[in-house]
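Below: a set of structures, written as structure tokens.
Below, chain A partners chain B and then partners chain C, in two separate complexes.
Then we have the complex of A and B:
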């Protein structure tokens, strides 16, 4: 397959008649490089008494894209030698991870190689790469995009997904890295572009539809596994003036898998969003229901890899260290979620707005389980039994089992030309047993707050101070944690954090920080996590060196998470782009 | 219009070809194990506080039921953090089980005839189908017989066993004897809560001759060679002798401890 793609790429280059000289004359080249390296040290203070033979972890990539008129091509090289702690061990290796070549003249676009794309909101198809998660589910194959008329786009994709460094060739069915082929098509019609009378209309409308199918051989000894699993979606986007509404519904045929315990129930997902915005005010209401919508090109897979689709999270993304300790991870087997976000800017020149205006934001999001009722199977009432339809679920019913809730209020105020303040209060409910798999661990119910103050010393220098606190309402108050339960109490209890950053524009930044788990129910976990960081920036190049402790936690992007173990040592990050 | 109809028909054809609907009344495949008498041991590393373990154990038992209860044995080894007893959770930890678990950090984990265990790896429950089927298809190298004599009053158990080669074989051969107690009722975490009357199946209670067993007198054996072993132990007063078994297996340390044959016999 790889040889074929390279051959096609070379032929494409020749076929477009690009002489070497003209190929270079009108070309543009851009790219980026990044290396993250960690040196690990023993640290009895946070219970790191064995490095398991791993002193270094290095993740690095370099990508280069070439564009010349209608033609573009690129490569991405990766090295994990070995992978940093918290990344999947299958990443260990070095090599050319991705490559592609595209010809697109506006009417037709053809890509061969590794494809990143998304149909609608991704409910049936999305391939993407997320460096911070060590995740890449690119589709190696081909894509054709047709634009037969204004506002109409038709796409087709075909290929096999990346699975770390596993070969793309047809594999033995018994191979651990055996995975299926993905093929899909999507059509989108933007009426405002297609119909001349609607070009400048206040009313906006677009429609779309997708169909994706995976083909994977039946490897099971016990169950008849569908070798072709299809999923379809339809979407609608409407807008009028300041209002916008979008919705997408997806349906997946029977897809027994390790994730859903080999049940044959269909999958469904519905998302809808209503928003209003005007100067100084914006509000968005989102709702989502998913049921059995995990869709992978390897039905035996259980981790965050080989996902064909993507279930978008509808939760606030926190960036400060304490609020982001408990980030929601999308539950693939089903959830009911809602989010309301309201932003308002108190106008300049008013008593509360002051000279620069005051930004206020309110957000509330909640995720519950769906309701699952028993069904009759071979004369018995069963629920989620392998080989059965699994369960019945009322589409609009909400389970009492709450996974997550985040209510937060934020104020952002520039006081004068020297002072800027940002503060936020968060009320959090986090079912750590469901989300992180800590069996029997009590739910995290916490109040979190921070103040982030920036003082501009002069044109070039500034100081920034962050003060954060996290207070858990209940962590077995007064309960003596037994020895064997301790592992579930790492990072639990009350926290305080502070950061002081000194910046000399445009190159230097120095910071010191500490996170202190002073209220952990387990006395030996009441640790400080000190870090010191120096950053140097030169144009598009950034070098960051930091040393200290990293607490255990999760890193989540778009509802997809990876666990980060506690560590102690030195981290160097070098990145550049051109 | 004609183009639209053709396009729609093509789309429907693609969609139909891209979907296989399985008859919900016929989701189970018939399976007939390949011939032979090779038996297989599944070690299920589990824990009473492991929420996913009951489901995995059910799967292993379903596998046993479908592929042959006389040829597949399951040993539930409680080991690891989630097996460490707290509060009312039962204590099924053993030194040998902890040694076999080899510092892995999750449950449930499995090995099939020790494959992918002693080299530091384990299997997830979804991965055991093929190794079990492969192991069943292997030729049998040994035959094991176990004869138990149990005295009710003293709770003393005498185990007499013979290991007989059914083919010539060369390796680093060991034989192990394990005590197993079935159908123990106790607390187990299950999805959505706690089952206070969970029935623990095939619980490993310890070995009679160490975590690695004991070597056969010869590493190069010939067909019909027979080796006799005897062991004695006193059953713990809390064990239900009616539900106890001796499980025995022959393994080859030159192949990462691969198990060549397993046998199981009731104590009473």
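Then we have the complex of A and C:
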């Protein structure tokens, strides 16, 4: 304790001591705070019959950055007392979660402390922090960025990743904490910025390449765990006029882990996108193939723990409560995906465009499994067997096993000064057995629609009404469910939802909403989820109080979105930045 | 430990008060839609105000806000000379969609890509949409989080204040 006080005092003294006039003048401080607090209540109606001694959950952070010219430093303090429902219990605790200091003069940038960065699209390296998910895989160590000439950037990173509150020093780490060291380098060359004659060319091109490795100790009694695992990626971006093309390929050597069931196969990933855009029209086609590309700095890591890389899902992100109940999550062991999105605005002043233009959007995305063929390994036919090469996979073959498909069409129209309508139709296929692990549960095949109408009462006040429906093709009232499988049918079947919001710009928003699972095959799950919310915003400060039942999903009220876990009770969110 | 916590919170609070003074834009480099580097600290609009909005293709209120801003943007430019930079915090999931979405919706703003959330962190943005107003000398003078229908009116009043001060 005394040591800490001493440290704070010394820091303060240095701060004041260095208060030469010019230094102070250039000093700037900014930061932000957020506290999310929940009070939980019993609610037999939605099966919350025991709070397990947990009446409160509080997640909070405070962060301060200091900058002075080319120098900047910051800290982030976090408190989970205890963590809110739906967040990992390992977060429980209080402390200084993150700190950094950076010097960057344009030619060279050096950072020590906690590093967030990504190489290319993140297929071999990405560290980031997402507060609403309680996720943070920052790399504590050092980073050097060099920009030797226009358009060339070279980066190197070295460190150990954050694992909730686990200590970083080897001698302090617990016996079952096998986190390794992550090292990486990346180079990018943008030809247009680097070659003067190409500066204003219609043709654009940039290239990049990265290499990342982890050094881990082999603690396994059964398998030889490679102590160095390397992964490399190469990328290319091309553009000509309104056209753009980009691609990235990544390769990882054998990396047996809990996620891939300790097989010794190499990993591969390929992503590509092609887009065309001009005023009023934009289209993009994306394809992706990943095979055994989970890459963690601890081979026993589960879920999203200690991910070194990031495999981006390429489907549409829904924000309304019913479609966002079935959000696709990336399958780390392999998938093939494609997406097409088209945005078009019918011009102002035409018959269909009206006075304000009419905005249309179409999106289609589909994800299937990759094909896995059995191979001979040590004289045995194997498929996915621990300790073997696992399987062989034809790069271009697509499995018949479909994980997900989403076809949707959206129209957005300002009718006149006071009325605004937004509507969307969604056709959804969601393999709930694979994505959420409900063994044997039938696939969700549903039609979803919503209408969102805003009426401006006057310059400051407005009303918004949102009506949504979700209708499953197969599972609804009357569908036979065995008593033992009932749990897998929570949230299944047909839904209706409504929301009414009254806003007084720029400070206030009041809303009431209900979601009703009226068509659940199990009678006791035909529940209502009522909520009421009040939001007050003043400049960069937001206070939100809501009460009622919340099912899992993304909620947008008062103009801000975040994901929320299921609960019943009262939630208070206070956030500010300065 | 509790004392240390209290001390740290107090320190944070104190720095918060101190920081009410206007701050500069951070030294962060982003890319525009053509892949060109843009250093945020060096943004300038010849002494006229600059607006920076944070948004994402998956953020419904952000799309609403930008549709509304787009309807009035040309009038604002004519009256105040303001320039708007819309910073997309889309990560590699949806970076490729940003340009088609922006063009498809017909927005007239300058778009910057904050793929690694560097600017989002440096400017302490928690949730999009989040809007900053920068005066003619490059200082952040006002910010606002969230968007509700008609919210652009408040922004415009603030822009007018800054634009008038300059004259």
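The rule is simple: the second predicted complex is superposed on the first by the 532 of 578 C-alpha atoms of A that agree within 3 Å, B and C clash if a C-alpha of one lies under 4 Å from a C-alpha of the other, contacts with A are read in each partner's own complex, and residues count from 1 in each chain.
Just so it is clear, a residue touches a chain if its C-beta (ideal position, glycine included) is under 8 Å from a C-beta of that chain, and two chains touch if they have at least 3 such contacts.
Treat the numbers as computed from the prediction; the structure is a model and nothing was measured.
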Report task. Kindly say whether there is room for both chain B and chain C on chain A in the superposition, answering fit or clash. Result -> fit
Query raised in the report: Of the partners chain B and chain C, which touch A:131 in the superposed model: first, second, both, neither?
Result: second
Report task. Could you look at A:149 and tell me whether it touches chain B, chain C, both or neither (first, second, both, neither)? Result -> neither
Report task. Kindly classify A:31 by the partners it touches after superposition: chain B alone (first), chain C alone (second), both, or neither? Result -> second
Query raised in the report: Should A:72 be classified as contacting the first partner (chain B), the second (chain C), both, or neither?
Result: second
Report summary line: Max touched-residue count on chain A (chain B vs chain C) belongs to chain C
Report task. Report for A:220: first if it touches chain B alone, second if chain C alone, otherwise both or neither. Result -> first
Query raised in the report: For A:374, is the partner it touches chain B (first), chain C (second), both, or none of the two (neither)?
Result: neither
Query raised in the report: So, A:312: does it touch chain B (first), chain C (second), both, or neither?
Result: second
Query raised in the report: Looking at the overlay, what does A:302 touch: chain B (first), chain C (second), both, or neither?
Result: first
Query raised in the report: Across all Cα pairs of chain B and chain C, what is the smallest distance in the superposition, given in whole Å?
Result: 25
Report task. Within their complex, state which residues of chain B touch chain A. Result -> 11, 14-15, 17-22, 24, 26-29, 31, 49-51, 55, 59, 62-63, 66-67, 81-82, 84-87, 124, 126-127, 129-130, 133, 189, 192
Report task. Mind listing the chain C positions that touch chain A in their complex? Result -> 1, 3-5, 7-9, 11-12, 15-16, 18-21, 23-24, 26-27, 34-37, 57-61, 64-65, 67, 71, 91-97, 99-106, 115-118, 121-130, 142-151, 153-154
Requested in this report: Within their complex, state which residues of chain A touch chain C.
Outcome: 1, 4-5, 8, 28-34, 62-65, 67, 70, 72, 77, 79, 94, 96, 104, 116-118, 120-122, 126, 128, 131-132, 151, 190, 192-193, 204, 206, 237, 239, 244, 246, 273, 275-284, 286, 310, 312-314, 317, 319-320, 341-345, 356-357, 359, 361, 412, 414, 420, 454, 456, 459-462, 464, 503, 505-506, 509, 535, 537, 539-542, 556, 558-562, 575, 577-578
Query - Contact set on chain A toward chain B in their complex - result: 174, 176, 183, 185, 211-213, 215, 219-230, 232, 253-254, 256, 258, 261, 264, 300, 302, 386-389, 401, 433, 437, 439-440, 482-485, 487
